[in-house]
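Chain IDs A, B and C follow the sequence of writing; residue 1 opens each chain.
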Amino acid sequence: MNQTEVTMVRIYLTEGDHQLRQLLDFLHQQEQVRGVTAFRGIAGFGRSGKAHESSLLDISLDLPLVIEFFDLPEKVEQVLQDLNKLIEPGHVVNWPARLN
Amino acid sequence: MNQTEVTMVRIYLTEGDHQLRQLLDFLHQQEQVRGVTAFRGIAGFGRSGKAHESSLLDISLDLPLVIEFFDLPEKVEQVLQDLNKLIEPGHVVNWPARLN
Amino acid sequence: MNQTEVTMVRIYLTEGDHQLRQLLDFLHQQEQVRGVTAFRGIAGFGRSGKAHESSLLDISLDLPLVIEFFDLPEKVEQVLQDLNKLIEPGHVVNWPARLN
């Protein structure tokens, strides 16, 4: 079975960041990565210093969003460096995976 | 703490593929893997050649779907070979993990 | 690019478990992990012995939930040991990742 090494990435935002559209456009048009999907969570906390004090009720008005994508490791490394200019530290996780 | 080595799998579809029910039945009844979950994304692109030219508006009518499952590595390897006959290349990602 | 080694965790529940709020409170207030997000799936099976016999229709009344979080490996190891007292075996998966 042929498998390609890729890097998976998950970016953690909230709706209140108003960055979803900008980041999707960035990943699509500028970086042209393959396989981008955005998800909306139903609850969450901890993405900003403030959120740690928020109640779950407050957070429900500012739902978590996750943008997931994968691509070749060297491509992702470059994308991550570009993302660092758009997203504050501590919100982007990556790990190695295999693509069938 | 006892941990079992497993392989995590994520399969990327869109609603327009009309494959969700078929794949869930396949994983459930035929392959009998444990721990299958399907998620609907809120936006995405890049799953087909065509999607790269689609605007986000178009894509919202054909939302992304992800099927996630995990099982023992040797079991997953066999499932992935069977999935290759049902899913076009470039839509299935897997990585090693530990199950508690 | 500075990267921190973290451990990603995904906990698989269903709405019928009525554990979501308890676990979010536990992870937030007691364990104080960073970056917790909860997602609702649209279909699933296999989380309990019974679910294997359920039809997809039945399951839609008891939708899958996933709680995802990440933190430093030694921190997560301790959290996982505590989670073992709250969650039955076979529902918590973890893997190493890098945080930007």
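One rule holds in what follows: a residue touches a chain if its C-beta (ideal position, glycine included) is under 8 Å from a C-beta of that chain, and two chains touch if they have at least 3 such contacts.
Source: prediction; values computed, not measured.
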Copy pair chain A, chain C: interface residue numbering same or different (half cut): different
Turn needed to bring chain A onto chain B - CA fit, degrees, nearest 5: 120
Length of the line joining the C-alpha centres of chain A and chain C, rounded to whole Å: 18
Sequence positions of chain A contacting 2 or more other chains: 39, 95
Chain A partner contacts - residues on chain C that touch it in the complex: 1, 6, 8, 20-21, 24-25, 28, 32-40, 65, 69-70, 95-100
Touch list for chain C against partner chain B, complex: 12, 39, 41-47, 52, 56, 64, 66, 77, 80-81, 83-84, 89-95
